[in-house]
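Below is one structure. I have some questions about it.
Labels run A, B, C and D following the written order; every chain starts at residue 1.
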Amino acid sequence: MKTVVLPRENLEPFLGRIARGHDLIVPKKTGNDVVFDYYQEGCQIALEYRRTLLPPKKFFLPPEEVLFRYKKGQGFTEPEPEVGRRVFFGLHPCDIHALKRLDYVFLEGYVDTYYRRRRERTLIIGLSCLPDDKCFCHSMGTDLVSDGFDLFFTDLGEVYLVEVGSTSGNDLVLTHRDLVSEVVDEAILKEYKTFISTRSDLFVQTLDTSGLSKILTLEWESPFWEKVAQDCLACGRCSMSCPTCYCFSIYDQVNLDSISGERSRSWTSCLYKDYALVAGGHNFRPSRGARLRQRLMHKHKDFFEQQGVSACVGCGRCQANCPAGIDFCQVLTSLRGDISESAVG
Amino acid sequence: MSKPRIGIYGLTSCAGDQLVLLNCEDELLDVLSAVDLRSFVMATSQNPEGELDVAFVEGAVTQDSDLELLRDVRTRSKLLIAIGTCAVWGGIPYLSGRGVPISQHVKVDYSLPGCPIEKKQLLSALSSLIHGDLPLKLPYPVCLECTIRENSCLLQAGEICCGPLTAGGCGARCPSHNRPCLGCRGPSLDPNYQAATKILAKHGYDVEDVHRKLALFSGTNSSKEGRQVG
Amino acid sequence: MSQLLAKTENPYRPVRAKIVDLRDLTPETRLFQVKLVDPKAARDFDYRPGQFCQISALGTGEAPISISSSPTRPGLLEFCIRRVGRTTSALHRLNPNDEVGIRGPYGNGFPVDYMEGKDVLIVAGGVGLAPVRSLLLYILDNRDQFRSVTLLYGARSLEDMLFREELKTLERHPDLNILLTLDSGDTRLWPFRTGLVTSLFEEITVAPKTVAAVCVPPVAYKFVTKGLLDKGISGEDIFMSLERKMHCGIGKCGCCAVGSKYCCQDGPVFTYWDALNLPDMI
Amino acid sequence: MAKIHLDHISRVEGHGALTVTLAEDRIQDVKLNLFEGMRGFESVVLGRSYAEVPAIIERICAICSAGHAVTAHMAVEKAMGIQVTQQTKLLRELAFMGMTIESHALHIFALALPDFLGYAGITDMSVDHPETVRLALEVKKTGNLVQEVVGGRAVHNVNMTIGGFGVLPSKEAVANLREKLSEALEAVDGVVDLLSGLSIPTYQGEPILFKAVKPAEGFGFFGDTVAFSDGTEFPVEAYKTSFHETRIEHSHAKQSTRGGEPFMVGALARINLFGHLLTGKAAEVLRTLSIPVPSTNAIYNNLAQVVELVYALERASAICDRLLTEGIQPEDPVGFEVRPGTGTVATEAPRGTLYHSFSLDEEGRVTAADVITPTALNQASAEKEIALVGKSHFSSGEDRLKELFEVTVRAYDPCISCSVHLIKADGSAKSTLQKKVIG
């Protein structure tokens, strides 16, 4: 892989220039949180953030979107697709892995044209990170990333080591070659190695994933699910903030004239009671425990069985955002070991 | 398709839900011309009444005259829609020991909760009804909209936020203003009062206070369930 | 198999279809005959029995509905739709010449190739006759490719029985064994049995190489499959068409997930073996 | 004896009926029955935390919800001795103006105007006067926008809190609001023209007592003293002794009198008492509409509201200007310690003086609550006035009388939900309906 070096002081000019020709998305600080948002001149880019509240998915699968409008007898009109190149800066490795998981869902088989258009017009610039006590990407094998980005920046203090992951990424580097240096010397390599080993020492949270899908299958009937569910508010905050939760519902809204309207989709969660309810009142997951189980099964077993990787990328958002303090790593660990252990922090 | 015959009625309430309709300044005249308005005492003195396709009823039942009106409206209407938390759950009239939700007396075909109801939902419900459909139900609690707006969670920060127990649809107005949700839209599809009480007890709140707060708008529903804990 | 939309086109956009004719089958169920507006699409549209389409009543919503007609009789598509909620009610408000939106065909359908040369036992309950009617018609139109064909069908009452007239005609078909049962109600009019559809199992013998196609209400699968296994049919030869809540129909929205399978893509037809593998399937 | 009966007064907020008994040659008796169901707000807040009070109390009424919200916050803060910042005061006043704009616009254009132009309601009126209706709705919408920007919602604000606001409006939002207010001020012109040509039914008036909060400076809706038109004044804390509240048989709202005399509150009272303090366009409109000041004819209340509508638009614009020039300071709600005390506040809501009084204990729990609303205060005055109208037009026939009575009641712009919120729920008052259901 081609690597170059960007001196730290050149980052802002680099992004500033990109912003002139593209819609640039960056991590921004708001209050005590960091969110991904469009860059505006002079805005504070959070370079050392831990995790954003909503993951990058909101820019590819928006929380709500109109699929098409219709008028009786006249067929369907899709909303004008957004055009122009977008550069999404600052994704951590887990979030890049998460996008790759979403690609499986939305680009394989039937192609989700809305997702594809947004994905195709977006360049990804990754950014290295340091874990906090909720990150467990090292357990999920998503702590490092070798593809799925156009550029990847590793923060080595004075400089960023920049991995080039695509021709588009290469073009960006070439266009701004005055800001980067092609020389990756011994000292930088050494710093990179130090960074990697320091970083891996910082992980606190872990999840033993060996045989996890099998264990989950065997623990299907465990009373533990209902026990954890007693504490679950089923608020859906974990699903919304998970970078790989992609469930959505589709609904129509007719206009006052009764002859035109629109069809939209919006995020939903398998934790909601109506999620598996069908006409006639039959609910395939009638209890909160069954719904909570579905969420974890899908992440760690079902998706794994479909794609060979877990849907969970270990970003820690679900635990960080759960008002009840439920820690899914602990739930899964308890399930693996002593199931009477309390899983709620 | 002939215009649906519509009546708008208020029982005991603050008239907020009827006012929300009058507050649809941009759409009001379109709405009124898309329906055959047969009763709206708050807005017009010409109320021919008679058979209705859809009746909207605001307010709780607190007195015999409310009940009489409600029963009369029910017998005349194909569909009866409860609008506002007072009508749907009893709301504040319930707390004063006086009001009950209208569903305790007559069949309610659809409930549009909110204190007051949301303009957007009212208009979308009206459009659906004119089209011949019952409006969609929103299955999610306030937390969904709150999370989508990327608000910091107030419950996590130790405030009594009723978001996880409360029917969504308001766009998480309060948490988006940095104010905890009071539950003004009444219970969500699947409120877990026990879990919420447990969390708040951990944050050091008095369990009785929590119950009272969680039950502010949900009348019959939460006051019972919430009390099973603690 | 020809799709209404190429895989690169927007898979959420329906194509337009016109209602040609409507016929009430029961007080709640109506047969919709529709024709795609685009003549080329109408000609090319191909499907397999057991597949379904997403039918739109625009302004109200979309519902997954099995195709009840058979690909052996091209031109018109038939759907029998029970009025149970918003979308199905809106569809029931439509008249001939009105338009609906259609996407599909989706799902795997029944493995008709695999069924060839075997005895076929079809078990249906209530509106579950809709998808298996397609299979039944398909088999009748290719009768020589299959061995014995038996249909067991149960309905709540005579009123609730779909395709009564058609079944009456088919009953006289020499190559078809049809057994009907009603949960209750008047059975004098016609040689019906009373009891659940499982009670019909006592009346049939099952040849060694029998495949079963089943579509019954969700709660009934456990009993029906047990009955079929008891009759000696292998779990891999029991094909069940399952219902789940569906929004997209194309394996994206996640709503119909059953374990690692999507009912809309990997199903709706699953074998009993799948159900053994995936705990909450039936 | 003949009776004129209005079962359900239309185009007012809430449920009210009117029964006028006619003797041979005179009006024998007038009974205004506010039969809206009771909700017992004071009993609901008892024992609850101070923090919950405003959100509960604002639900007394939708139209003047912001007025209840602002007043309740002020009363609770007074009880605990909390001083809020100038910016908070301005923003609250802005929300109050938003309510006044919305409420007056709704009443003038949608509820009262159809009477004078001969329509059943705004829908029929819009057929012949589409432009007027459009402008009127535009003005009304501006009032709602003010409340949305400051309070987070047009009805039942979500943003006010003890000590300040949850989130402060952005500069952009205030600037946009300022623009809309200017447009509304222009739109009002056209309507003023139409209104100045209206003929107001006259009758033999009698001196009526008026009452309003004496504005702290200039014309306005806030102050610490309440003034009667006979020249007496009293501090708001003394409200209990300054007039007399009685429970009456025929209405769910209590009736108020002063020394047995009914008194009137509301826009007309304010204009009568303090109209001379108006400046700017509001003062101009007061002249254009040629409202006789003081006027004892309640129907002029409709026009007095027009004047105040203009005042509120101007005042809201001035507040926006100030916020924009001084900049919106990013301040959190002021900190405070919970302590016991009683806070009594009176403000001028669209329909007149609104009293809130709350007592809190050491933990900040409500030990006593009293809310007195304008419509309740006006009840006796309205009955008296109907009798006068009846006297003046006695010979004009029952139909005309009925019409005039309804127009007169409507002129008071009664807000019946407000007025009947308050009967205390003693145990016996528990509704039989609820007993049946919850046992």
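Quick note on the criterion: contacts are C-beta pairs under 8 Å (C-beta built on N, C-alpha and C of every residue); 3 or more make two chains touch, one makes a residue touch a chain.
Just so we're clear, the structure is a prediction, and the values are computed from it rather than from any experiment.
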| query | Counting C-beta pairs in contact, which comes out ahead: B-D or B-C? | reply | B-D
| request: Express in whole angstrom the distance between the two chain centres, defined as the mean CA positions of subunit A and subunit D. | output: 52
| task | Determine the centre-to-centre distance between subunit B and subunit C, using the mean Cα coordinates as centres, and give it in whole Å. | result | 40
| Between subunit B and subunit D, what is the separation of their C-alpha centroids in Å? | 25
| message | How many angstrom lie between the centres of subunit C and subunit D, each centre taken as the mean Cα position? | response | 64
| note | Note: subunit C residues in touch with at least two other chains are 59-60
| Hey, what residues on subunit D touch two or more of the other chains? | none
| What are the residues of subunit B that contact at least two other chains? | 128, 131, 133, 136
| Touch graph of the chains shown: is it line, ring, star, complete or other? | other
| Parts of subunit A lying in touch with subunit B, wherever the complex brings them together | 30-33, 35, 53-54, 63, 230-237, 240-241, 251, 253-258, 261, 267-269, 272-275, 288, 321-325
| note | subunit B partner, complex, touching residues on subunit C are 59-60, 86, 89-90, 93
| said: Looking at the complex, which residues from subunit A come into contact with subunit C? | reply: 67-68, 70, 72-73, 75-76, 78, 105-106, 109-114, 217, 220, 246-254, 258, 261, 263, 265, 268, 270, 275-280, 282, 284-285, 290, 294, 297-298, 301-303, 305-306
| Touching residues on subunit B, where the partner in the complex is subunit A | 1, 27, 30-31, 34, 123-124, 126-128, 130-131, 133, 136-137, 139-141, 143-144, 146-148, 150, 152-153, 155-156, 161, 163-165, 189-190, 192, 194-196, 198-199
| Residues of subunit B that touch subunit D when the two form their complex | 10-20, 22-23, 25-26, 28-29, 32, 37, 40-47, 59-67, 91-100, 104, 115-116, 173-174, 176-179, 182, 184, 209, 212-213, 216, 220
